[in-house]
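Note that the chains are named A, B, C and D in the order they appear, and that numbering of residues resets to 1 at the start of each chain.
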Amino acid sequence: MTVRAAVAGASGYAGGELLRLLLAHPEVEIGALTGNSNAGQRLGALQPHLLPLAGRVLAETTPEVLAGHDVVFLALPHGQSAAVAEQLGPDVLVVDMGADFRLRDAADWERFYGSPHAGTWPYGLPELPGARAELAGSKRIAVPGCYPTAATLALLPAYSAGLAEADAVIVAASGTSGAGKAPKPHLLGSEVMGSMSPYGVGGGHRHTPEMIQNLGGVAGEPVTVSFTPTLAPMPRGILATCSAKARPGVTGDSLRAAYEKAYAEEPFVHLLPEGQWPATASVHGSNAVQVQVALDEAAGRIIAISAIDNLTKGTAGGAVQSMNLALGLDESTGLSTIGVAP
Amino acid sequence: MTVRAAVAGASGYAGGELLRLLLAHPEVEIGALTGNSNAGQRLGALQPHLLPLAGRVLAETTPEVLAGHDVVFLALPHGQSAAVAEQLGPDVLVVDMGADFRLRDAADWERFYGSPHAGTWPYGLPELPGARAELAGSKRIAVPGCYPTAATLALLPAYSAGLAEADAVIVAASGTSGAGKAPKPHLLGSEVMGSMSPYGVGGGHRHTPEMIQNLGGVAGEPVTVSFTPTLAPMPRGILATCSAKARPGVTGDSLRAAYEKAYAEEPFVHLLPEGQWPATASVHGSNAVQVQVALDEAAGRIIAISAIDNLTKGTAGGAVQSMNLALGLDESTGLSTIGVAP
Amino acid sequence: MTVRAAVAGASGYAGGELLRLLLAHPEVEIGALTGNSNAGQRLGALQPHLLPLAGRVLAETTPEVLAGHDVVFLALPHGQSAAVAEQLGPDVLVVDMGADFRLRDAADWERFYGSPHAGTWPYGLPELPGARAELAGSKRIAVPGCYPTAATLALLPAYSAGLAEADAVIVAASGTSGAGKAPKPHLLGSEVMGSMSPYGVGGGHRHTPEMIQNLGGVAGEPVTVSFTPTLAPMPRGILATCSAKARPGVTGDSLRAAYEKAYAEEPFVHLLPEGQWPATASVHGSNAVQVQVALDEAAGRIIAISAIDNLTKGTAGGAVQSMNLALGLDESTGLSTIGVAP
Amino acid sequence: MTVRAAVAGASGYAGGELLRLLLAHPEVEIGALTGNSNAGQRLGALQPHLLPLAGRVLAETTPEVLAGHDVVFLALPHGQSAAVAEQLGPDVLVVDMGADFRLRDAADWERFYGSPHAGTWPYGLPELPGARAELAGSKRIAVPGCYPTAATLALLPAYSAGLAEADAVIVAASGTSGAGKAPKPHLLGSEVMGSMSPYGVGGGHRHTPEMIQNLGGVAGEPVTVSFTPTLAPMPRGILATCSAKARPGVTGDSLRAAYEKAYAEEPFVHLLPEGQWPATASVHGSNAVQVQVALDEAAGRIIAISAIDNLTKGTAGGAVQSMNLALGLDESTGLSTIGVAP
């Protein structure tokens, strides 16, 4: 099988990472590449690390340009995907790497994003119960947010096994590429190097309802989430430090057993051996997720920590993984669990 | 007043930062400088940023070398301070920048440090209730740990005003200088740049009982603390993201009022204006503490965040601040609230 | 003496660093602070590391606002200083931290800056022969560029002693703050972390004619300069690796002797002991210059390397040093040779 | 074809990068992995980014362990390769990633390395004239040093076209992985982050004679090289800023034409379009080399700049590229020109 893929929004970090992965995908042929403000520019000037595509020129994002592809990836700013997707036929696989179709609750969407809800698409986190079945053959995929990917995979086994109380506390550190390529003063290298700082504190970050949706679905009951994102002085990577009160009777052994069971067959989620902890450098450029868990008996809390690459498993790798499922390919096709370190 | 100060352990990061501050202190004359493995070496080779002291040579840490000073700072590995302190007379002000005399509970000490408890000295966190009175005129000072300084100052107003439940969750990111200057593979630049990673997860970090001691003292009841430290790719700085369940009836206004009241007169703790959040770069090289707080109503939690320089307010600046109080000097003498940024 | 100083352009990196230094200057009282696009904003939001000035509000840069000061510092974009300076009386000390008045050759100015030459002011590099006499009592000072400061001080002794041929090759690495605070895509943290890249290659960088002017003046003959600046993944610091062919008969000893003699009495330039090399971290936040030199006998070249903080000695510290001379103060007043490391 | 490859020295940075590449090589099966001090440890603890090999255990480096492989890679400290290579039969392809067999001049070896010369093997820089023919079918390969790879490829077209005088000046910035994984104080993250510093200044770096050998071979006459390496605050990458006096009559056009001609057919060396300059981030994890060149007419110098990943093209990727040639595979097999950025 060779599928022809277009990428709308090829000049940003998500689009660039997607192209890096698609170049290594044996079943994909890269078709149209579009940008908006960057239309007409050589990709070599915008994404100088993608040498095989250096001579490609970005087109405008129009229905005509996107026509004739088997898969269209949308790496657009929030709120722009619906209009583009509408113009693509029902037989085209549309993979939205933005937020537009992630949430099931329209009220949540409107409260956090301040615009009308566009709808809900199958959610591209294959590790969630039932997700693989839903993604198989689907023509529409909503790729999860980077923080929800990290936090959900850290806490999923604890909630699915009923070991944790329904009040999660999540503090995550992200590399700066998560904030995108649009130049803003607080994202300058001079500002971020040597500095850790929080943002969206107190429940306001847009990934919060997505975490609540995922963890509540796994737990089978409403879960509250206190989520604090922080900006770390590195280009890539998310380290999610997650915790919840342990239910009575939970032991270190029962906790570990739940994690081992949950992830024994997962191709990308790697429960580390006891005593070893995740590090974002280990998954740099990889679709792998490193997970570790501990029970703090004195504090009565489960501490679960995950490391992902925000651009790979957290965005473009997750997109390819779900695309593979939708197309009936092996889920791991074209994806690697090998990081680029040090 | 001119006090003559010796520094035992002048070749490490804590000792170097202390010397940087003492060089700018108008009432201090720098006396003996000692090292152990580095005795005999020029300070210019070990601390090349301290040009005015470049020609000084490190002596061995002996009672004779440390004799004849008004103040002796101990920047020694844990467990070595007691033996040195015993040899110094009761009239000498001894400031221990290690952990040996911080904890009041001998059982806690033995559990976390695995050695007999050496005793308890007045605790050098002037912002704690009653601390200034205890430090005034004292001849012994235990300088707090860097993480406990950051976490305590983040949560102190919430606990002293009775607004928070007694179960704190603290996730802190520290620059690598907190791990010291002894070369270890995981601290190599190649390993830490571009990487976030946790350590001491699950209640095992030695600063945990110190946080419990501080916060419990403020709250007037036992407090549990879930503490997760992480290593961040920067040389200095701690960002402590702290939270606790809000007591019933707490509002954003009552929370802010408690913080404003607690820190209105503090010379080094700066409650940021609403909407602005701490950043470690802003306190780089400064003794200031940036604090901000928010109420997450959906999750029912108070989120309090502080930024300090782990080597300044977190170690050497805290030591000088307490020294000033012990000597009857103005608490701010020789200390700055100006960071070196960007 | 207390001098009242205004800072035009207080929101950028140069202005912020200047304020950091002026806050520690015993003879300066900080007066008006102005910005352009940022007028009306609190300094605490723009320069959060300057806590003592957090409540100050930026004014517009007008003659009325700048009136009534003894010293006015101009930290403005190139080409804007002349218009402001004209409106200030001849008795006001005007210190221009921009490029407008550095070059003596109007043709050079026009070729590199593309606008009419505004004139030439006394050049604020006190270490140059004759500079201290020219600066004493002057009412106008042109602060040197950061790269010319580093390169000139690296090679000055070699040229003043006639040891080097007149063809210098200079490769310098600068921290990103040298590129300013205006947000541009290539200065994003995501782009600069983990990356070294050159710019202005082939003789086009505007600091080239300034280096030629300085080194030619010292050498007493025309000097060609091949200058390549590179952007390094750090916020501050310049490492200038400079070389020139050694004249016949030059030995390692004669070279070292020339450097020792040239810098024996300099308060800020520190020739390192043999075997120790400069590092930008050692001068972080300091007005010191670390210099080292070697003779490569096989290649027949003198290699001279300097490290400065581009914002301190390279900009704001150099400005204060020259201001001190102009005002008749001790040259070192308010300036430190102590770096903030690690 | 499937070749079975052993790696001696699998715990270091070169060995780790080699394994990353071999895992993606379609014709290689990874056999024995050895270490010395790390023998007996799981690779997952030493190289946590190589998930597919996490369960492998390092063996001791003995002839028995290395027997039965088609290819043996030696990633050993300098001076250890000869003893191991002697024990491997003449039919085994031995690829030495250390320095032992790079130099043709025994006196150079002894002067720079201080030990007897072990011999000279075919030099694994396929881009050098005649190298591909020499490597084809060879059973011994000496992988070039990282700096010589970068510098040689920057200047090769200038020298092979006779455009440059025989006195090269090379200043290169390297990421810290080039210094290896052995923990030393000056390589700590606390020391290297935020700092640029030179080392091996004045002609003493061991890669100098290798550059002289390469460039002299291309130029057809003796070339002097002034080489200054600097340590940059990044884990990977080399930016080599190289220059030489332009021969009379050289123009910008003739220079560019020489570079275009030299690299038109090279699979890994990419001459950037005019106006675009190399950046190490663009080749992170890639075997590509970015090159750009300019003529500084005022200074009369050719400035040629290259960026490589020191661990990929500079070490392990170069090793695989030469292995491919030796085995008769397509030179690019298993190697990528796609960087991992940002």
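Keep this in mind: a contact is a pair of C-beta atoms (placed from the backbone, for glycine too) under 8 Å apart; a residue touches a chain by one contact, two chains touch by 3 or more.
Just so you know, these numbers come straight off a predicted model, no measurement behind them.
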item	value
Touching chain B and also chain C, the following chains	A, D
Starting at chain A, fewest touch steps before arriving at chain C	1
Over-half contact-pair match to B-C, picked out of the listed pairs A-D, C-D or A-C	A-D
Pair sharing more residue contacts (C-beta pairs) when A-D is set against B-D	A-D
Length of the line joining the C-alpha centres of chain A and chain D, rounded to whole Å	35
Rounded Å distance, chain B centre to chain D centre (Cα mean)	45
For chain D, residues contacting two or more additional chains	13, 175, 177, 188, 190-191, 193-194, 233-236, 279, 281-282, 284, 342
Of chain C, residues touching chain A in the complex	13, 175-177, 179, 181, 183-185, 187-194, 233-235
Residues of chain C defined as touching chain B within the complex	13, 16, 20, 23-24, 42, 44-45, 47-52, 54, 177, 193-194, 235-236, 270, 272-273, 276, 279, 281-286, 288, 290, 336-342
Of all residues in chain B, those that touch chain A in their complex	167, 169, 171, 173, 175, 188, 190-191, 193-199, 201-203, 208, 224-226, 228, 230, 232-237, 239, 241, 243, 245, 277-282, 284, 292, 294-301, 303, 305, 307, 342
